[in-house]
Structure formats: structure tokens, C-alpha cells
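Before anything else, here is the set of structures, which you'll find just below.
Presented sequentially are two complexes of chain A, the first with chain B as partner and the second with chain C.
Then we have the complex of A and B:
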């Protein structure tokens, strides 16, 4: 190709735009698309960690997992953790955002402190929580013992009793998602034009009335995005459960990503592990589409 | 809104600053990428660093990955003394990477998926699921057997597939799993944990003193080992010699009932939340009166609390209705991947390591017992004369435990992929914990888990591995 023509091609919008977007498309294709296709393939085979390929078994892996009580527990927990943690996050982030948007002394320090959990690597902060909830050296239990609120020899086992362990995991999820949601909510509040607030004031809308009829509707699209990210982050996270309980006590805190890992990688049943991992895909896809549609509908122009 | 027409086709539009065109940016970026990709691939030694031994390049390379040993002195000796010496003697540059024991399965899966990684990979449990990805280690076994006699049955049954007749791993060592108990506390009760009956009798008193029994029922390796051993002492087995599931038995119901009583009378619910390090920590904190573990508890105590160390004694696993049947605490199992780049040297390395195992045995402070007993002469005398032991002769019992009370996972059958999966999914601790917490009756649990295990066995049987 003559040099002049090649040069012209790069200056044309119809070539330049695809050329610029191509690396991103290739990147997503290689890192998301290819593993996804491989997972679908593996989930339909009896592949093991030691074989990589396997014979076609149709939907056997899906049906056998569906009848496994541990899978059902993991499925239920994934939904419960996600909903409860995100409900806490939305509520907490709304309160924090309304507080942090105001002018006050030390606002930047407060914002920095609120953001800190988001900046810390998940694994590191979860190890911190592991120590906080430790069976022997828990600082929570130490405090409760010092206050004579619990039995000194039989303090609560935050990670050893199913309900407490579920609560502990939900707390950690909520704690780590809260900063991100707060920042998004602050951005949402900051983007409300001053004129709208002034108009609301003129119309006599103050306090809760203003919050309900003015602030919340305007904040809803961006809050939806925060919730969407929260759902995806919680439902697909494995680190928190892996570090805190490894699914215990007696697999009562299993989540789908953790059970997929335990079945496919640790247990060696790659096909079944892939099937477990893929159970979440259609659910998350539907949730994402619905939430994006909702965000578009409530968008205020 | 931006108008597409403002970016006229063919125009030499300039980026702010006025000198660089879009075309130049793309051309330079492409050139840079090519340089990185092809430049990196072409240079074999560009980033390889300084040769390890001055004056000459070594002919071969060998890459090993293994766990960060519970006894740090072992890693120091292995990396800095043994490997260096062996590398020089065999004209091979050996690199050793260490990972946390919990990360071994994920790392192995990653190397297999990439068909690339280390030449020698170390597992802590017999990795039967990887049989198709590893060489047959029979040659190394024969080589060592020629020099050192018979392999220990626990090592043989852990690494040999009786169906495919293949050694899917090479075991260099195993760790005996003694009963660690506090002599002062048990002395007050006037008993010794020589039988499970005694343990149950002493448990309520010990717990009342603030020192419960510590046998984990959590998703971690120590719980797997301790509870499986307890099952065998009661005559409950996952499989028989022919690798058929036999869990649903009266003995299983009995051991589940016993464990439930032991939990109710003499343990606390912390055992459901334990990690692999928890029983060590609880024993070292003075909390527990008894735990089943390798000698990592006493070795740590000797370093940080010698007074406490002197109060912790070792015994074989308590006797049950079916006798004393203990399990290895960990099984050191090396594999050489089929995709390993230097198989001959990898085989030689493993054979050499085992043939002269004294260094490994001594530097692991008797944690690693040789899979070929003759590789370390006078084991009994060596452990008896441990210079650090308090009271002296404390470790003498280890030789007896290794000889008489150490069996493989899945005994009386050989360890296989189904046993591996059951262990890695922590189904044994789950079964015990459900019964202990009253979620299932022992009869229900025996039946339900028997069915679940049959499913796992059938799957691996269909794959031709059992």
C-alpha cells in the first residue's frame, strides 16, 4: 500500500475510530469473552483439574449441582449476602453522602477516612476482620469480656456459628462497599443544580419533603449505578468468604464463587466448578439489564 | 455536541501543543508495542539476571515450588544449603519458590491450565486428581528402593493408583500426627489421653477448668485429619480395600455420637471457626488441654514459651473400639509435570533428596519423616536424643507413632481422587459439625454423606481413576 494512502486511511474517522477502540475490544474479548466461552464449554464436560478437557455430559453438571445441598446453601447465601449488604450500603451511603456534602471543618479528612476502606486491598482488610473475629484473640470478644457482657470461657464465636458468621460476612461486604457508594452518592448530590434546590425552597419544600420529592428522584439514576456495582461486587466476590470462613461452619456460609473454587479447583472437578460459576451469569445479566433500564427511565433531563 | 464534520478526513489535525499528529501517536505506539513484544521474546537472557555461580554458566535449570514449611529452619537449609550444593554438583541452576499451603491446589491448577510452570511441584496431600498431567514416578521409586529398601506403606498407598498401576506422585516424607496434651492439666484430672474413653471422661473437668479439648470441626486440613483418624479408631471408614464406599455403618454412627458428646461436654464452639493454625495458637495461648497435630505445636512452644513446652507431652492417637489407627498429618508428595522442561534432572533431584534424607529429617526438626525409613539410619535414637526436648526423650514416641499408627487418607484402600475431593471439600468436618450442632442425627448424617461420597466415587470411577 502506498505510504500516502496509508497515511490518509489513519486520518479518516471510519478507520481511526475502530483503530482506537480495537485494543479495548481485543482486551475485553481475550480477558472476558474467551474465559467465558471456555467456562461454558467446561461446564458441559466432565473435565477435571488434571485433564483440562473432558467428554460431553450435557447439563449433568448443572443438575447434579442443583441437587447438592451445599450448592443450594451457596446459592441462597449469595442472594442474601448481596441483598442485605447492598441494602445496608445504600442506606449508609445516603446518610453519609448527605452529611459529607455539607461544608464543615475537617470535611476533607472525613471524606478521606470514609474512602480509606475502598483503597485497601480486599484481602488485606479481610485479614484484619479475620483477626477482629478470631476464635481466640477477637478484640470484639475481649471488649465484651472486659465489660462482663459475655461468658469469659465461652465467648461468642463470630465465625463459628452459622448466623453470626453470616452476619460477620455481610458486615465486611457492607463495610468495603460503603465508601464507593458514598462517593457516587456525593457526586449525585453535587450534580443537582442549585437552581432546583432554590426552586424547591421557593415552593416551600424543605426537610423530608424536599428529600422525597426533589433530592431522591434526582439522585436515583446515579444511586442505581452504585447499587448495580455493589450487587456485582458482592455476588462475584470470593475473597471475603475464603479468608473469613472458607465456607464454614459446615459449609453454611458458602457463596457461589467460593463453592465453584472449592469444587472446580480444590476438589478437582473442573466441569462442575464451571457449572457452579455460570449459575450466576444469567441472574446477574438480568439484574444488570433491568437496573440499567430502570436508571434510564428515571433519568431526569 | 461534537460534530463529526469538524474532524475533517485527511486533515493534519494537531494535538494541543501543536506538534504531534494522531498518525504519529499511533505509529509510535505500534512501534513501541512491537519492540516490547518481539524484543522481549527474542532476548533469552536479557532479564535473566546475574548468573548464580561466578565464573561459569550452569548447563541446566530446574524449577521447584513447595510450601513454606511449618519449621522455617527447613526452608533455610533446603534453599541455601541443599539445593545450592546439589545444583553445583549436578551443573544445574535450581530455583525454589515457596507458597502458603492453602494456595497449593489453586497454583497447581493454574500451572496445569497454562501447561507451564515448575518442573517439580510439591503437594501436601496426595494429588490423585492430577494423574493425567504427571509422569509415572515409578522410576524414581525403583531407584530409591534399590538403594534404600522398601518404601513405607503409608507413602506407597498415598501415591500409587491401584487401578491404573501408576505412581501419580513421589513421596519424600510424611508427618506423624501425635496427640499433644498438657501434662499439668491432665494430671489434675488424674487421667491420660490414652483412649477416647479417657478423653470423654476428662473433657468436662478440663473444660470447667477453662481448658477444653481441641479437635477441629472446621473447613481446614487439621480437622480433616483428626476426625478421619477418630473415625478409623471407631472402625468407621470412607472406603474399603477395593475402594467401595462403606461409610454408612454402625461404626460411623457411633463415632458421630461420640464426637457430639465430646463437643457437648468438653469442647467449645470455637472449633467450628478454626483455620489450620488455630489449634496451634490456642495450645500456645494456654487455652487447650489437648489437640491432634504434628510437632509444630511443641516446636513453636520451645521457641516462644519453653515453660509451656515442658508441659506439653506427646502420645499416639487415643485408642478407640477399633484400636489405634492414626493418619499422617501431612503427606509430602512431589510430582513432575509431563510438561516439565527438565524431567531427567527433576527425577534425579528427587531420588537424591530421598536417598540422603538425614539433612531434611534433622533440619525439619523431625517434622519430615522419610518415606523410605532406611534413608535416615537410627531414627528412634535420633528423635530420642533431641537436644531441645523438654523433658528429654519427649520425641521418642514419634518413631513409634510413625511405625505403628500412621496410615494414609482413605485407608484401608489407597488414596485416590475421590478421597482427595472429599478432603478438599471438607465434607468430613462438615458431617461431624452438623451432628455436633444438632443439625442432623448421626444416623441421618451417615446415610446422607454415604450417598454423597458414592456420587463422588462414581464420578471418578467413570473417569477411569478408581
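Then we have the complex of A and C:
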């Protein structure tokens, strides 16, 4: 009786678990593993937009990109704005989480307002910022002008000057990541056992002392996870740059994902584009491993 | 426990400014979307007030009657629902198995999945764009439906694993003792109890799809198959012609319902997220 036998097999734990997990592994292998390998292969060829194969060129794509000034700018920008945005996010989220976890009046409304940037699709809210930073009708400039903080006839061009444009992009990223990091930090705070707080009280630890010696160390592992997500999300995001500046003016706000897109899709040099994107991989891999190890070590001690 | 009056005040003093900064762009979208052209593009006007011809719903009318916005919304929902269906079909069993049935192997695979979720579309869109073209899916929604599970499955499996871990084992063991098979127990006992968790996964998976940008812009160029995250930007901004009022209306419409859902399911999301392999 084949039917009967199949059931018996499924009853066995050794067989059931792999059968349940297999589809997920296959999907992930086909949609993430395979393209990743393909990406590495492409980066070693001179493939163009028309085909999936090309002549083998070794590390030429990597070396030619490394000496490309636009790539250099993109690489530097990606690192700088990822670090700055995440520093802002961590500071803001720690404070915000500490207060949002309390059961104060109006908590639902406050949480709703704070969550908005995370819930809204990033490409759409960035269009909102495009309008906020508009060259003629910027509400930021209007306010600054009313307060006489900037020259009425020569207001700052938030997206038209290199440094200001970088600051604008960083702001949008920090703004968008803050709610997510806050949520993760709230989770961290909520998971601190009640006994720990009680014990701290008995030992006379209150206020800042408690925060420094009890709450912060316990919050560290989950905060690390929040930062890990933040770094990966900012370093690899293309929507914000694409919509705000497209890497301009004169490639001064170029980021690696944007540059990979322009080289590989718009410029048609698939191989070079893949090489640009892959520059991120070792950096992200190292960051991920370090942070996970750190989170685990802190958790154990 | 509820706070004393003074602590309430302090909390508002700290949280309030954050809330204002974080929510301001949405307030601004709303204000802009209700303005007439005349009012909007007059630099003499106070932008925080309504001027000539405002407030008006003209921008919303324009959006739905003169652009393909409604069509993009529909496309987005279609893609989202299809991806959610595929994701659930694959992630429900996997999440359960990882939470229950597979000991140390489960731990390793769980962390592996978490890492896969961190592999960004930025690294994958170039080869995938070729694959999509090769199999003739360029410019079709099917391309997105095919590719999105690559990030939704790791994410959903991770969350589900967290939820399933919180269900008491005894419940299932009792059913098995009563003669039900493991699979039956899964479908008739475990999944129904986990419904709130599953709903959370549905919402967050759906919103990941709405959020996605790189694949949508790399694979789809015909305006018929666009989704909201790319359609608005590529079609409603033409050269120097901006329809700012309509643009702001278009960005606000998907954001509000999503935010309401997020707020409602936030606590469950937190429970699932931290219930995963971190403990």
C-alpha cells in the first residue's frame, strides 16, 4: 500500500522536517543563491546588456572600476552616509524606545505618527522629500527665509549642491530607518525580565545608574541587530538616491547601488555593473559576521 | 502601569518632537495634495495656509481620471497578493519545521535564512534582469511575482519560526496521541492557533512587496505593468513638468492604510521578530 507507506514516512520526524523545509531552501537557492553566483561570474566577463555570457576578462572589471573616479566617489559616499545615518538612528532610537515603551496617555497616536516613515513605501515618501527640498517651493527654505536665516534671493539648493545633497540623502535615510530601529529597541527593552528590574531596585540602582549598568548592557545585543539591519538597508538602497538626485550633481552623490544600476542597466555593461555591486558583498559580510558574533557574545556574558 | 502626571508630561516632551519630525512629511503631502495649482505655485503665498482655489480635491480627481494611477495600485495589489500566497505556501511549513522538528540543524538553517534576508536586491538585480529577459518576462508583472519570494520567504519564515516557537508543544502532542497525524495536527491545530501571527506575516510581506523598488524599475518599463513605487515617479514626473499636488496625493494614499495596519500589528511583529533564533 504506497499511500500507507507515504504516511508512515511523513510521520517520522527525520523525514518530515526536511520535506517541510525543502521548498523554502529550493526557492531561496534559485532566487538568491543562483543569481549571486551568476553575478560573480558576470563580474569576471565583459558581458553586455544583450546577453548572459561574455568573454572572460578576469578581474579587469574590478580594477577598471577601482580607478574610475565615479566609482571612488560612490564608494566613499556609501560608507560615509551609511555611518552618519546609522549613528543618528541609533542615538534617536535609543531615546525614543525608552519613552515609547511606557504606557502614557496618547501612546497609540504617538506610535502611529512615529511609525509612519517605516510603513510608507520608501520610493513614495522620498518623492515627498523631493517636494520638501524643491528648488523653488521648498518649505524648508520658506521657513528659513521667514526666520531670516538664509539669503532671500539666494536660498540653499538642497539637491543641487554636492554637500547639501549628501546631507539631504542622509537625512531621508535616517528619517526612514529611525522607526524600525526604535521598534527593535522596544523589543529589546520589553524582553528584559521583570526580575532584573526588581533586583536593580533592591540594589538601589535608579535613574541614570540603572540605565547605564542594567538597561543598556541588556539592550546591547538587540541594538546590534538593529544597527546591522540599518547598515544593510542604507548601504544597499537605491530608491532614495535614484529619486532625489540620480547621483548628481556631476556624480557627487553617487552611491554604489546607483552606480551599478547606471553602469549595468542604463550603460549596458552588465559585467562592470555586477562588479560594482559585488564590491559591497565582502564589506557587508564582514560587518554581518562581526555584529552577529558581538550580539551573541554579549548575550552569553 | 500607568504613569503619574509628571512622567506623562516628560514623555510627551521627548516623544512629541520626534513625532513631529517623523510625521511632518506626511502632513506636508496632505496639505500639498489639497492645494490648487494657482495657490501651490505662487511663491508669495504662505505655504502653510490655503490660498486661492484651495482646499480642493482636484488633484485626487486628476490622479484617478487622467493618469494610470488606479491601474498601478491594482498591479501592486495583484503582485502583493500573489507573492503573499506563494510565500505562505512555502514559509508556513518551513517556519514550523525550523521551530519544532529539527534541533540543531534548525538553528543553523534559521540563522542561514536570516543571513539570506540580508542579501540585498542590489547584488542580484543585474543577473536577474538578464534571466527575466531570457525567459520572456520583461515588462510583465509575472517577473515581479517570480522574483519577490526571494526576499519574502526568508523574512516570513523567520517571523513564523518565532511565532511557532511560542505555541506550547503539549497541545500538538495531545493531538498526536489522539491519533491525528503530524501533518493533520499542523493544519488543524497549529495553523489556526497561529492565525494572528500568520496575519502579521501577511501584512509585513505584502508591505515588503509594495516597498520594493530596484527590481520593479529594472524589469518593468511599460507603463501598463508598472506598480505604484515606480509608476508615480517615472510617469508623473516628465522632464520639468511636475504635478506636485497629484504626486503628493499619490504618495499619501498607500501610506496611510499601511501605517494603520503596522500600528495594529506592531506588538505581534515584535514578538515574532525577537522570538526567532535570538533566544
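In this section, the second predicted complex is superposed on the first by the 298 of 301 C-alpha atoms of A that agree within 3 Å, B and C clash if a C-alpha of one lies under 4 Å from a C-alpha of the other, contacts with A are read in each partner's own complex, and residues count from 1 in each chain.
Convention: a residue touches a chain if its C-beta (ideal position, glycine included) is under 8 Å from a C-beta of that chain, and two chains touch if they have at least 3 such contacts.
Computed from a prediction, not measured in an experiment: that's the story for all the values here.
Looking at the shared chain after the overlay, A:136 reaches both chain B and chain C.
Residue contacts after overlaying the shared chain place A:91 against neither chain B nor chain C. Once the two complexes are overlaid on the shared chain, A:245 sits against chain B while remaining clear of chain C. In the superposition on chain A, contact is made by A:64 with chain B only, not with chain C.
In the overlay built on the shared chain, the residue A:284 is in contact with chain C alone; chain B does not reach it.
Contact with chain C, but none with chain B, is seen for A:27 once the two complexes are overlaid on the shared chain. When both complexes are overlaid on chain A, the residue A:149 reaches neither chain B nor chain C. When the shared chain is aligned, chain C comes close enough to touch A:120, but chain B does not. When the two complexes are overlaid, the chain among chain B and chain C that reaches more residues of chain A is C.
Within the superposed three-chain model, A:160 lies in touch with chain B and out of touch with chain C [touch as defined at top].
Annotation: chain A residues 7, 10-11, 13, 16, 20, 51-52, 136-137, 261, 264-265, 270 touch chain B in one complex and chain C in the other. Every residue of chain C that touches chain A in the complex is listed here, in rising order: 1-3, 7-8, 10-12, 14-16, 18-23, 25-26, 28-29, 32, 40-41, 43, 47-48, 89-91, 93-94, 96-98, 101-102, 105-106, 109, 111, 113, 115-116, 118-131, 134, 147, 149-151, 153-154, 157, 181-183, 207, 210-211, 213-214, 217-218, 228-230, 232-233, 244, 247-248, 250-251, 254-255, 258-263, 266, 269-270, 273-274, 278-279.
Chain A contributes residues 7-8, 10-13, 16, 19-20, 46, 48-52, 64, 68, 70, 133, 135-137, 153-154, 157-161, 165, 245-251, 261-270 to its touches with chain B in the complex.
Put simply, chain A touches chain C in their complex at residues 7, 10-11, 13, 16-18, 20-21, 23-25, 27-28, 31-32, 35-36, 38-39, 42, 51-52, 92, 95-96, 99-100, 102-106, 108, 110-125, 127-129, 131-132, 134, 136-137, 139, 142, 175, 178-179, 183-184, 186-188, 190-191, 221-222, 225, 228-229, 232, 236-239, 242-243, 256-257, 260-261, 264-265, 270, 273-274, 277-278, 280-281, 284, 288, 292, 295, 299.
By the touch criterion given at the top, residues 4, 7, 9-13, 22-23, 26, 105-106, 108-109, 112-113, 129-133, 207, 210, 217-220, 268-275, 278, 281-282, 285, 287, 417, 420-421, 424-426, 429-430, 433-434, 437, 439, 452, 455, 459, 462-463 of chain B touch chain A in their complex.
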